[in-house]
Structures are given as structure tokens and as C-alpha cells.
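I'd like to ask you about the structure that follows.
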């Protein structure tokens, strides 16, 4: 048996719905249809009152979830694409994220954002918005890179008492497979050493973990052992694990698929430079997508985002510094 | 004669309206009433067709401005408070910011965001959103710290062919005065050495420039000469000027009023660490507001944001490193 | 003038008791807000003061018909009267304005942004229109849990807020979900300085209801009895499964947008029109005219309110402000997800 | 069935010429989209294919009455017919789908996201509802410049998009500004898989117009003549200063949401209802029945369309894709404000 990243997300929701009557899912086309990506396929049949088709009203979807969360429910909002959450931005960052702080009453909503680029998706169905939400106090932002994490972290997200922005990567939906779902797992707030090495560390998250692995494989053939840190949760950052890895390798490339100005990569470099300056044997390096909207055409898209090749070059440069 | 930061903004708009029939202003209560902060006082009388009261519809305000900009006009949108631009977020980052790249047709809108904290304004009338907009490709983000810059940079913003997010600081509106408006000025994309020094650099922008100056005055009494770089434009960053200053002092504190995760401060540290690592004699330091929403009560607010005192402590720590 | 019979009947008529009950909260609200305005003018309040002068009837008429601990009530800027009628202790208003650490917002937010979600009063964010869908969510949760019974949710907005996308999405969604929601629009003719003519161009704001398939009612916001009756009807319909209800009240904001604003832009013509009537004075006159009370009993009520308000303000003013050094600076509830950033 | 006289009169009647003109674009659109779907099924298109099958009458009827180079036309997902009628060269559609660097979007965006703002066709962003206020802005600019004359702007959306806050804000604002805007809602009964019943709860979507103080018209989206007449009326009113106009057409989406979707969720009952009629077949029948053409002339038209489509697709397919290495990777127009980040 094998299970995909997408199925893991479906299974986590199934389990959450089964385990707690407080869980419900609200989103466009997620009912009988099972969602644009089929992340809720079959769930409406099992939980007809709690897997609910929404009108195309992202602001009100988020508002409704927040109201229910204040009452102690654990709503999940599926945005059809992360990109469309811009329309719910205000409710998420100003209503949900501030709620506990303002009122002492937690707001346990989970906002699922199908994120990231796939060929042909273009500027409005490809975005990575983790940095936008992470900037605001009161949010937790998760970016699972593996099938197992998609499952266990989504369950943690749903049962966490704060708003969780759950950035699931569309490129991994069908591509990524595992043998089975985990019964035990690393807590969501911990980063993971996905591969150990000693010449340099690549710090990354979500789909880029897999590009980094390819680059590391290739660099291995050249005699370099590259350590890979999968952040898993980009807010809060597991700074101990990050600094631990940099301490071992002395060199760090921070890699992300999102836009280059600001964001996770800059935040990690900033933290490491401030808190672990003397661990660095070379300037920290950064690799992101190009500073343009995400192109539709696969030829442009492949060039726009970091790939195993450009990662490898960046590491090679880093190793020479 | 003396002129305030707010009057400079009003004067810049007046001049732009006079100089070009393509300029108009659209926003809530900006017509006969002159705006919540009086930034358009008297302008409706002078240009009745081009200083226009809007309904409370930030999304449509931005959309209307974008449509007019595509036609070659140079609209200015006044958001009543920066915080309310969350509701126009989608139009700004997905419509305006991508427009030139998608269609080859520029979209010269200026979005004025009355930004930043003042005592008693609370979580929803105090925000600094520069990082949110700067993250997206296609935007220019200006954060003037002086009366002269408020004037000259707003004029540049209006006559720039890209969307400019103009973050004017409310705390400076009435507090800050100059003798007269400039006739010549540093281009908007250049940072400025506001104060020269040799022991450390504080890199900052907007209202924090003035807190930094106070801290530097106080450190001067202790025998330290602190250089201050006013970024002026946070996107793009004038990395040459920044690196030049760090090269002189070897130590850098990056200071911002915004939330700590990500943002301008992290981006500057990331850029300098990557591009000027060997210029640094000590770990780069960072000072932001606390990681909570902005409190209403002045006692809490003063503690939440960086002040001359906390800046001084941060620099003292930096000097010891 | 709406009918006020001496008997509460199924036809939605309102008793003198209900009228007097609402009047009491109107008096308290006006007294409190007059006082807080003078405290503001004395420079003792940071931030703004936004009062509901002229809107007390509309505000109280809704809330007095709700049940604290059961219903949901989302007041907005000008709902001091409704808040009081819904059972918000006057001391909380005083504390929030005066910055006592003991207020429900603990100094984190101020003035009208106070709330107490566990009592059914969500704490508003400033972004207009954003609270309606939150109220829907609270009702939705209760229904999913089988705890809806005949509870109802009410959300208040102004004429200006009707132009937000949020309000549209929320009304449409509530109608689809057939939630027992009453949305009260206080059309006080202005949004800050912006008149209705720059806010909408429909003949009657209540016609928005048609576009959502919900029921709409106009009431005279200066007439307490009419407000009571309009809301009574709307609340009964909402509770009996008829879905969301829109109630639009017309009146004039008898103050500036905030106490910093002299509202010079309001034309004398509107001020002296029927819209400009003071709902409080009118309700008082009616009580006396109908013999439900007299000058003496009204004065007694007013004096009691003055005492209550003065006590509350005195008490709040004597309380400690929040202390940043002992304050809990955490935006997240979950300890394990708190950021480990070195203290800023 | 709407009246089609042989004379175009002021009463808004539509000529056989107009009918046949619209029909021609409908045929071209259907032919193109059938072809592009088969190209998609052959795996030659990356990203989605979204077709307007069943909506060609409604789409073409609007655009055929607009003037390229003068009016503004903002098509949405299912407006291939309208695009063609407005003068979008068929080769641009082929290029955008097939990823030729020569398409108007130069590979940066695809399929239905193409546009050409200088010709009056804004390039849509995906976020539903967001284009209406942009069209308003274009009209607003022209009016400020004294260049509005009798030009008109048209924006197309679906039933699903009516639930967005954007649409509400834009309609309300356009009404306040009294812009010559026609908003066409193609109610094809579904938004992706979501039926009208989960999208709104009003009796008739056209009633939204009342809430904005604008004029609204229902048309039978399967009947070309009715569509032509409805839009004719709306456009004339808009041009004569009567402010925004809402035209709602009812029909069924005779395809999946995209070509990846088998639309199994559409009940047979709707498919076989009047809504499920194919506007193209009906228009063709009418042409023959009225004697405005015959089987032969129709076939000729169809063959011409097939040839045109095949040529365009062949040409586009033979063109180079964009080359990332020579591509201009700049999101800003202003050189001096371009970021100096080291190349990623």
C-alpha cells in the first residue's frame, strides 16, 4: 500500500472529524465533490453536516470559522488556492491572529492553503504565502514537506488552540508517496535534519526539501556531504536545530520557493546571523524564486523557481567562499 | 515659516494636482472634509473633480485606481489608516503589482498608507505594513522619515510608473517640522546617511529614525559616534549605501517599528550578512516591536515599540560584542 | 408613531414595561457618554471617543430584547445603549476608556473595542463589516452542536459599513445557511463626513435585503416604540427559522464622528428635519404623555444614572493602568508554539 | 422568444444582421474551444482549459454590440465568443493556450488570462470579482479626461462570483459614480461544482440591482435574440447616462468547470430542462427557420471557422516558447527602482 501527500491530508481530516465533533470543514466545492484537489473526497458522505460547501466568499468563510472557533469548535477552512486567501487576509491577520491576545479566548482555526507552483498554474494559482501570515503576531505557520508530516502536522494544527496557517504544497499532492501514515511523530514545532552532512547546510521547507535532496545527492557524487534542515514550521522557527546544524557545517544556504524580498529565507538568515554569527565560516547564502510574479509557461516557471541545478550551483559557490 | 510632515504631504499632492491633469485622489472623507488627518485639506476646493470622497470600499477603491492608472492617469488612493488596506490587499498585490509584468502596461498608482503607532491608537490603527507589500514583486515601498522626504518622495511616487506603497508615519504628521520644502532632493531610491559615526551603524526608516537619533545623541555623551542610515525606500533597498556604512563602522543594528517576524529588519540583515559578511565585526543586531498586536494603552504601547532607551541598550550590547 | 399597547401580544406590540426598560438603558448610555466626552475634553482619555448620541433608541431596542448568556450581540461604534441593555457592566466601559488594567481588554484595546465573547459579545475589530460573519460562525457552531435552540445573533453596523465587501459576503452566506441572525443598520446619514449620497445610490437601503433573499424592515430610529416593534418582529422571525433579518433605522448622528469632530459638515437642513429629533427626549416625553411615568420618576432615573456613571468613572480612574513589565507579552495561547525570538 | 425585426429601431429590436454577426462569433468560439479541448486531451496544453460551451449567445450578444478601440470589455472565464466578437484575434487565443512567446501574455500568463488593455480588454486576474472596479476605473479616467463620450464598459462574471465582496463594492461604487457600466452575470447554475442553492438564497439574482439603485434585466441565455435585446437595452441606457446596468442570463454550463472535470454532479433534471438547451444549435435553427440563411450557408460558416481555428492552432504550435534566458525578468517598469538583489 502506498499513500500520497494529498491522501495524508484527507486522512488527517477524516481522523480529526472522527475523533472530535468540534471539527468541521468549510470551503468551496469540498462537499459531495470532494474539493478541487480531492482533499476531502468521501468526507461529506461520512460527515454530511460537517463538510460543507461554501459560497465564493473567502472573507466570510474565515469570519464564520473564527466565530465558530471562539465558541470552541475547531473549524478547518480550505482555500481553493492559497492565492485566494488574499481576500480573507483581513479576517485572518486582524481577527483570528489577534483574538487570543485581545480577549484571552483562543481561536483554534486551521486555514488550509494549497500552495506553491506547478507547471502551467501561473501567477494566481502558484503562490507561497507563508511569509505574509508569519509576519503577524498570533499565527502559527506550518509547511510540511513529507507525506507523514502532512498527516501528523495537520492533526496537530487542527487540535492546536491558535490559528494555524497550513501551507500544503500542491506539487507534492500526487508526486509524493509514503508506505504508511505515522503513528508517532516529531512535534510540529521542531525542525528535522532530513539528511546529515558536514560541508554545508541547506535550510529549507516544503517542496524545496526535495529539490535540496536532489542537489545534495548530486553534490555527494562530487564528494560533499550536505546537511538538510527541513523547517517544517516556519513560524515559530526551531532556532536550536538550525543553529545546531550550522554549528556542525559552518556554511548555510537558505532556500525557499517564495518571492525573494523578505520572507522565510531572510528571516532565517537574520536569526542565524544575529544568534549564531560565529558559527558561520562563510557568508550565509540565500536562494529564492525570481522577483517577478510566477510565470505560467513551464519553460519560464522552471527557470523562475529554484531547482536542483541552481541549488547545486549556489552550494558550490558557498563551499568556495 | 514652518511646515509639518503632514503639510508636506498635502503640498506634494497640491503640486502634483496642479502640475498634471492626470493626477486625482480618491479616498474616504478626503473631499470637502479634507481627510481624517487633513492631508487633503483645501484640495477639493481647488480641484473639485479630482479630490473625491469614496464609499467605504477599499477593494473597489484600489480597483478603480488601477483601472484609471492603466489608462495613463496617476491616481492616489488615501487609505484612512494603513491597517484598512488589508481589505484592498488582493487588488494591490495581485492586480496592481503584477500588471506591468503581465501586460507590459505600467500601473502608476500611489497608495498612501497612514502608518505606525501613536499612543492610544490600538491594534487596528497603528500598523506598519511595509513588509507585506514589499514581499510582492512589482511594488515600490517608500517610508519617508523627514518633512522634506515626505514632500519630495510623494511627488516621485506619484510620477513613478509603478505602484508605489507610500507609508507615511502618523506619529510624524504633526510632530515633525521643517523650515521649508525642498526644491532639490536625493532620489527616492537612495538611502541617506542621516548622521555619520564610526562605532556602529543604526539602519532604520520612518519614525524610528528619530528614536535612533535620540539614542545616538545619548551615546555621543558616552563617547560613541553612531552612524544612522535612513533607508527612505525599503523596496528596493539601497544596498550600496547600507554596505558602505557597515564598512565604516563594522557594527550594525537594524531597527524597525513593525512586527519582528520577517520584514524590513530581517531583510536588511539578510542582505548585509550575505553581501557584506566580512564587513561585520560583530553579529548584526535587530530591534523591532514585540511580537504581539499593538497595544492601545500608552503604557503598554511605549514598551511594545522600540524607544531611544531600548535602542541605546541594543547599541551598547552591540558595541560590546 | 408605533403602537404601544399595554399588553404584549403575538402581533409584536410592545409593552410600556419594555419601553421603560429600554429607556432606562438609553438614559444610562447618554449619561455615560456625556460624562466620558467631558473627561475626554479634559484630556484624560487617550485615543478616540465615539458616542451614540441620537442612536440610543435603535441600539437599546435591539439589545433589550436579547438574552445575555444565550444570544449573541455584536455592537459597533455607537452601541453604548445596546451594550448596557445587553448587560455589559458600566464599569467595563469606564475601565476600557480610562485604561484600567481591570477592563475586559486589559489595556490591549480601548474604548468601543471592548467585548466579552464568553458572554456572547465578540470584541470588534475596527475593520467595518468584519463582525457579521463572526456572529454567523458563533450561531453556526451552536447549531452544529445542537445547542442553537431559539437563540439569536445580532450584529450592528452603520450606513457606511454597508459598502464593504465583508457585509455583502456575510449577509449572503448567512442567508444561504439560514442562520437566526438580525443585522441592524443604523443609518445615521453619515459615515464620518461622508453623506449617504456618496455611500450608496439605491432608493432605500433596506432593499438590499431582497438581493439576499432575507426579510427587511425600516424603522424610525428616533422613535423608540417603532424600533422596539421592528426588532421584535425581526427577532421573532429569526428565531422561528425564517433566516436572517435586516432592520434599518433612520436617524441622525447627534455628535461628531468622534468627540474630536465638530461635524460642521452636517447641513442645518438635516439637523432640523425629523431625522434630527433626539430619540431620548422623545421617549421621555412619551413616557410622561402616556402616564407610564412622570417628570419626577424620569428625573429619579436620570439621577440614578448620573450616580452610577460617576461612581464607575471614579472607580476606574483610581485603578492601576496595565504594567508592561509584568504584562504577559504572548500573542499565542499554545506555549509550545511561542516564538523563541530573543526578547526585543 | 425575443422579437427580431428586420429593422433596427429605437425600441431595441435586433436585426437579422446583428443576429448573424453574433452567430458567426459563436460558431468560431465553439469551434476553437472544441479544438482546444481535444488538444488538451492530447496532453499538449499545460494548465487548465475552461470553455464557454452553452454560453456563447450570452457572451457574443454583449460583445458584438461593443466597439473595439472605444469601449472597454472585461471578459471572464467563459467568454471566448465575446472575445472574438470584440475583435480579439483568434491567433492570440491559440498562442496563449499553446504557450507561444508571441501571445499577448508572452508566456507569463495563460489560457483565459489573456488581455490587451490598450485595446480595451483588461487582462483578468484569477480572483473572481476583481475586474469590475478596474473597468470602472478605466471609465472614470476617460470621464475625468473628458474623453468618455458615449463609450461604455462591460464586465462579465458568473453566478459564483456574485458572492464575492469585490463585486458588491464595485457595483455599489459604480452606481454612486454613475458610470456607463454593464455587468453581465452568466448564471450557468454552477460555480465549479457548487449549485446556485449554495451560492445565494434570493429569489432572483437580478434583484441585486435594486440594492444598488441600478437597472437590472433578465435574459434567456440560451436565446441569442433575447440576449441581444437585453444587452442592447442595457447598453443604450448606460450610454445615455442612466448609470450601471445589470444583465443576468440563465443557462447551463454545457461542459465541466474545466476540461478536467466531467461535471457528473450536474443533475440530469437540469440538463434536460430548458436551461440545458444549446444556444448555438438554437440560433442555427432560427437562422434557417427565419430564412436568414440555410443549411449550406451555415455549413460554410462552420467550415470557415474550422479552417481559421486549425490555421491558428497550427501556427501557434509552430512558434517558439518563451526563452527564460533572454526573457526580461523585471517586475517593475522603472529601471531606477529595480531591485539590485544578486541574481537568484
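Which chain is which? They are A, B, C and D, in the order written, and residues in each are numbered from 1.
We take it that a contact is a pair of C-beta atoms (placed from the backbone, for glycine too) under 8 Å apart; a residue touches a chain by one contact, two chains touch by 3 or more.
Keep in mind it's a predicted model, so treat the numbers as computed, not measured.
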Quiz item: With chain centres set to the mean of the C-alpha atoms, which chain is at the far end from subunit B?
Solution: D
Quiz item: Roughly how many whole angstrom separate the Cα centroids of subunit A and subunit C?
Solution: 41
Quiz item: How far is the middle of subunit A from the middle of subunit B, if each middle is the mean of its Cα atoms, in Å?
Solution: 30
Quiz prompt | Length of the line joining the C-alpha centres of subunit B and subunit C, rounded to whole Å | solution = 36
Quiz item: What parts of subunit D, by residue number, touch at least two of the other chains?
Solution: 105, 108-109, 113, 125, 127, 163-166, 169, 172-173, 176, 198-200, 330-331, 339, 341
Quiz item: Which residues belonging to subunit B are in contact with no fewer than two other chains?
Solution: 54-55, 57-59, 83, 86-87, 90, 94, 97-98, 101-102, 123-124, 137-138, 235, 261, 271, 274-275, 290-293
Quiz item: Which of line, ring, star, complete and other names the graph you get from chains that touch?
Solution: complete
Practice problem: Would you pull the subunit C residues touching subunit D in the complex into a rising list? | Solution: 163-169, 172-173, 175-176, 178, 197-203, 207-214, 243
Quiz item: What part of subunit B is in contact with subunit D in the complex they form?
Solution: 21, 24, 49-50, 54-55, 57-73, 75, 90-91, 94-95, 97-106, 137-138, 140, 160-162, 187-189, 233, 235-237, 239-240, 271, 274-275
Quiz prompt | Residues of subunit B defined as touching subunit C within the complex | solution = 28-29, 31-33, 36, 53-59, 81, 83-84, 86-87, 119-125, 260-261, 287-293, 295-300, 302-304, 306, 310
Quiz item: Quick one: in the complex, what on subunit D touches subunit B?
Solution: 104-106, 108-109, 113, 115-118, 122-123, 125, 127, 130-142, 144-145, 165-166, 169-170, 172-173, 176, 330-334, 336-342
Self-check item: Touch list for subunit B against partner subunit A, complex
Solution: 83, 86-87, 89-90, 93-94, 97-98, 101-102, 123-124, 131-132, 134-138, 235, 258-259, 261-267, 269-271, 273-275, 277-278, 280, 282-286, 290-293
